[in-house]
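There are two complexes below, and they share subunit A, which is joined by subunit B in the first and by subunit C in the second.
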Partner chain A sequence: MTHRFLSHHDLALLAADLVASGTRVIAPVRAADDLEQIDYLPIQKLEDAALGVRVTRRSLKEFFLPPSEVLLQYRQTKEGVEIREVPTVAPPQVILGATPCDVAGLEIVDKVMGWDYRDELWFGRRDATTIVSFLCSVMDHTCFCTAVGLAPDSSRGTDLLLIPVEGGYLANAITPKGKALLQRCPGATDASEAAIAGAEAAQQEARGKIANNLAAIPAEFAGWLASHYDHPVWKTIALRCHGCGACAGVCPTCHCFDIVDEHDSSEEGARRRNWDSCQTSKFTLHASGHNPRQSQSERFRQRIEHKFSIYPTRFGEILCTGCGRCARVCPGGMDLPEIVGNLVALSKAEPEGSAQ
Partner chain B sequence: MKELQELSRQLLADDVVKVVIGYEEGPRGVRAAFITDPAQTGKLVFDKRCVQNLATYLNPRRKQVAQLGKPAIVVKGCDARSVAGLIREKQVERGNIVVIAMRCGGVLENSEVDSELTSETVSVRCAGCDVRDPKLYDHILGELPPEPPVNPRRTEQIAALEEMTPTERWSFWNEELARCIRCHACREACPMCFCVQCTADKGQPQWIDPSPTPRANRAWQTMRVLHQAGRCVDCLECERACPEHIPLGLLARYVADAVKKRFDYAACEDPTVPAPMGVFRTDDDEEFIR
Partner chain C sequence: MNIYQPHLMRICEITDETVDTRTLKLEFKDAKIAEQFQFSAGQFGEYSVFGEGESTFCIASPPTRAGYIECSFKATGKVTQALRRLAVGDTLGFRGPYGNHFPIEMMKGHSVVFIAGGIGLAPVRCAIWNVLDLRDQFKDVTIVYGARTVGDLVYKRELEEWAQRSDLKLCLAVDPGGETPDWKGLVARIPTAVEQAVSTAEDTFAVICGPPIMIKFTLPVLTKLGFPGERIYTTLENRMKCGLGKCGRCNIGSTYVCKDGPVFTAEQIKAMPPEF
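Moving on, here comes the complex of A and B:
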């Protein structure tokens, strides 16, 4: 891999060039009314961005799977029903300064989105997007990316990885899209040995910051969860959980949705796709009135089983990037790294035969 | 704290209750604790970080908590009003719970950071508190602390809203509610949202569109806040749970103020006092019928 060097000024020029050419540029931005809160939002210039401050409140997924989107619109006329489909080709967008966990999440979700049916809207946006990620240096004690096979400097799913070094960034183009973006930076130079060494040190430091958080989740954990579906631990695991689903909203990998037809007037309406969450009771409510997941214990078990057993078994991936947002947002103090850590410890203490 | 731990241990050891719902130290500040083992009561804490209203866990929709058996619950005076609300509306039987009330001198807005109580850090729910010395309890603990500082934010917001023309208010709320993603976290965290089937979840007929459109968001939040009229105790769990930081408590407070003006009623700690929407009185004004 050839390492290139970009000054901060070069990056600002790139952002300006992209915006001028009509590309939507999205970056972490401070909320206007709460400077502690950072969200991914469209920017006009690089100075609007708050790079490397803290993990954003919501993940990147809304730029690929919006909280609510129209799938088609319909209109009843005298002749019949007119259907208007939405375009599946998305306008170009560049994400600047994403954290590696968010970027990896997109690639993990690609698997289910392209599984038995290729989700045209998801992949339409994925194809139209170029991602520039940043070495993460904003982790706290709730982060656990290294427990799920990622790292603060993971390049998984990114097109261009930037590592802050003295005077600018070491730029590693990972994909042809990333290379193309780098070529739009006339100021880019070959990285000096000092810059490469500086990047290496920054990577080491970032990895060190998370080294003592949750330990790597063992491969056997998926099988243990599947075979301990009725373990008594589930009865009390979600006592403090409100079932509000805030965790699913901020999660980079929770992708469940609901599709509804809504009349906007007597003649017109739309079919919409909305975010959904397995943490709500309506999620599994049958038309008969029966609900197979009666209490929050069962709903929370589903969350853990899906992320750490069902998805890994089906797609070979843990459906979690260790970003810690679910724990940060929870109004009830449910803490995923703590819960997973306890379950892993239990799986080691009772490796088999304990399911009652 | 020792008093609370010892009382809880006794209640569990004597089999008076099966679980003590209190607060414990968690990885990110204090959080709810469900202690079933008398040997574990040392985990219980109570201090100014205990902002959460635990009465939510008495809500009969919490099947996972109900299955533990008879609870003792740690409440502040403000939370006791929620307990009273649940008793008043026949969701909880007074004899089936043990209320451990804590005298309280105010709580922090952010339970994750243990800072001094100042007019900026104190929860807006503590402004004008008249229940530092709770009335609804089986056991009451602690010395009466001094009045907490007043966070003026909510009063200022109310004043600002009242200054607005109806058109300005309409656009203020439209802007705030535009962020709603219809996750219904406000409802799930609310101690008084105990409907077995919420109107927002009804499919036949579909009273409220499930999509987060401006129309549906307005319909949802309006319906919820009107259903809370005279029932909401201003605990702000809805606002704390909202992942989009919508000032839902402001909307509820506005309705609570209207109920106070119209019916001279505010949700109180006495479960025998009927709420205006839950009682028939021959001397009711009924001016809306005329």
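Moving on, here comes the complex of A and C:
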């Protein structure tokens, strides 16, 4: 890792250079409908960005797995069907100022997207993207990244990590892509010892701000969940859940999707992939009317099991980055860090419990 | 070509099995794909009607018969109703084959008992023809098949063909009240039919597919006959979209029906959480 120093002006020049070269630059921006809220949006210049204000409303997921995307287009006539493929090579984009939780989420989802069958639409966008993340200093009481093995200064999945210091940023290039981006900054200098020390202090402070939110989830929790599908706790855990799936929409790691055909005209249309959520009753409904997850408690149990047991079992990691968005957005006040904290406590109190 | 893009297939034959169940015989439009296409008994695919969407069914024809595949479906939902509106010569989409398969290789040299209820015969039929097409490589073959009524029995012409064969034992049954005056088979539910038709589990594999309630009451009969859980194979279905382990809806606990299945042993199913 190389420690370089960038002034804010250098970063502004980099953003301008990228935009001028036709690269889409995405950064946290104040939402037009609510200046208190921040969204990831394309910017034209660095001044458009609102860096270090608060956690964005939605994660970075939509830039890799759009809420609705075309998988193929078809034309159907009496003569037959003609399929038009969609490109799997994406135009270049740079994410500037992503929070480390969102960036880590992409690398976590890479595992399922590459599971035996490679999802070229996802990886096409991943390959075309360079990510510049920022040390997170905007956490609130809902954040719990340190409980799931991440941190406000985690470099996981990023290409270039920037840590705000006096007069600019300490820039750590993590990957060749990050290095290449840094080479586009003629003003970059070797970081001074003062800058390195300043960065370390900022990292310490950031970690300190979140460490008490939720204790690290123990490795045994996955096994406890897998063997406690019939625990009575599930009966009451989802009483406040409306099954709306808002949690899945804002989640950086929820990746479940539906595939549907939409007619544009009598002859033409598109097969689309749309975000979906395991919290809706339709999600697992068979055509026969049978539904393996009939009640909201079973559907919420699936959400917890998938994130904290199934994904760890299949892919070796928790399907959650502790960003806290699900708790912030839930209309029913379902608070994931609180719920997981309670379940972990239960798993410790009843290690055998009602194991089936 | 992205992984969600189907191949185009032409419907070359339509067979009505019952009032609401139909079999389509399909050929790949692209000769190169037709030549390369291979699958194993028990695997499934995503069949699509453009403008309506995709639906998941097993491949109902055996891999021993090259050049075409068949699927059998009941017109129940949006896509299956649209599939029913298609005619010979029409085009549909197919992605696959996906999932694991019946252990046909492992069964060679042994006896096999096939048990199916209703349209559950579709995946079992694939395995049956696979075995019958290689008949001399297996010992005894027994087929126990039943439905609610005589009218609900599928693949009737093949049932007649199997009844004529001397190298297999066929036991047909319909539920009490489902028989017709000229019905020659049993009037019994599947578990009872299995008790009558199967006498030993020795050196024998069991393949079973049908409604959950049928499987639930037949497994104890097989256990009583001496079949260990790991020699009883069944195939599960769940709502699927991708068929590739990504869309996140067919799992039963950490088991993905699309990737780990659809074929499972009774032993594996016993270990699954109560979510199907």
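Everything that follows uses one rule, which is that the second predicted complex is superposed on the first by the 350 of 356 C-alpha atoms of A that agree within 3 Å, B and C clash if a C-alpha of one lies under 4 Å from a C-alpha of the other, contacts with A are read in each partner's own complex, and residues count from 1 in each chain.
Everything that follows uses one rule, which is that a residue touches a chain if its C-beta (ideal position, glycine included) is under 8 Å from a C-beta of that chain, and two chains touch if they have at least 3 such contacts.
Source: prediction; values computed, not measured.
Participant: Have a look at where A:H9 lands relative to subunit B and subunit C in the superposition and call it first, second, both or neither.
Facilitator: Neither subunit B nor subunit C is touched by A:H9.
Participant: Regarding the shared-chain residue A:D258, is it in contact with subunit B (first), subunit C (second), both, or neither?
Facilitator: both
Participant: In the overlay, answer first, second, both or neither for which of subunit B and subunit C A:V329 touches.
Facilitator: A:V329: touches subunit B, not subunit C.
Participant: For A:L72 in the superposed arrangement: first (subunit B), second (subunit C), both or neither?
Facilitator: Second partner only, subunit C.
Participant: So in the superposed three-chain picture, is A:V250 touching just subunit B, just subunit C, both, or none of them (first/second/both/neither)?
Facilitator: Only subunit B is touched by A:V250; subunit C is not.
Participant: Contact-wise, after the overlay, does A:K45 reach subunit B, subunit C, both or neither (first, second, both, neither)?
Facilitator: Neither partner.
Participant: For A:V86, decide between first (touching subunit B), second (touching subunit C), both and neither.
Facilitator: second
Participant: So, does A:K348 touch the first partner subunit B, the second partner subunit C, both, or neither?
Facilitator: Neither: A:K348 stays clear of subunit B and subunit C.
Participant: Kindly classify A:A238 by the partners it touches after superposition: subunit B alone (first), subunit C alone (second), both, or neither?
Facilitator: A:A238: touches subunit B, not subunit C.
Participant: Find the residues of subunit A that appear in the contact set with subunit B and again in the contact set with subunit C.
Facilitator: 258, 260, 285
Participant: Hey, which residues of subunit A end up touching subunit C in the complex?
Facilitator: Where subunit A meets subunit C, its residues are 71-72, 74, 76, 80-81, 83, 85-86, 88, 112-113, 115-121, 226, 229-230, 255-261, 263, 269, 271, 273, 276, 278, 283-288, 290, 292-293, 298, 302, 305-306, 309-310, 313-314, 356.
Participant: Enumerate the contact residues on subunit A facing subunit B in the complex.
Facilitator: Within the complex, subunit A touches subunit B at residues 34, 37, 57, 67-68, 141-142, 235-236, 238-246, 248-250, 258, 260, 262, 272, 274-275, 277, 280-282, 285, 294-297, 327-329, 331-333, 335, 337-338.
Participant: Okay, in this complex, where on subunit C does subunit A touch?
Facilitator: Answer in residue numbers: 1-6, 8, 29, 48-55, 76-77, 80, 91, 93, 212, 237-239, 241-242, 244-249, 251-254, 259, 273-276.
Participant: Under the touch definition given earlier, write down the residues of subunit B that touch subunit A in their complex.
Facilitator: Its residues touching subunit A are 26-32, 34, 52, 56-57, 62-65, 67-68, 181-185, 188-189, 201, 206, 209-213, 216, 237, 240-241, 243, 245.
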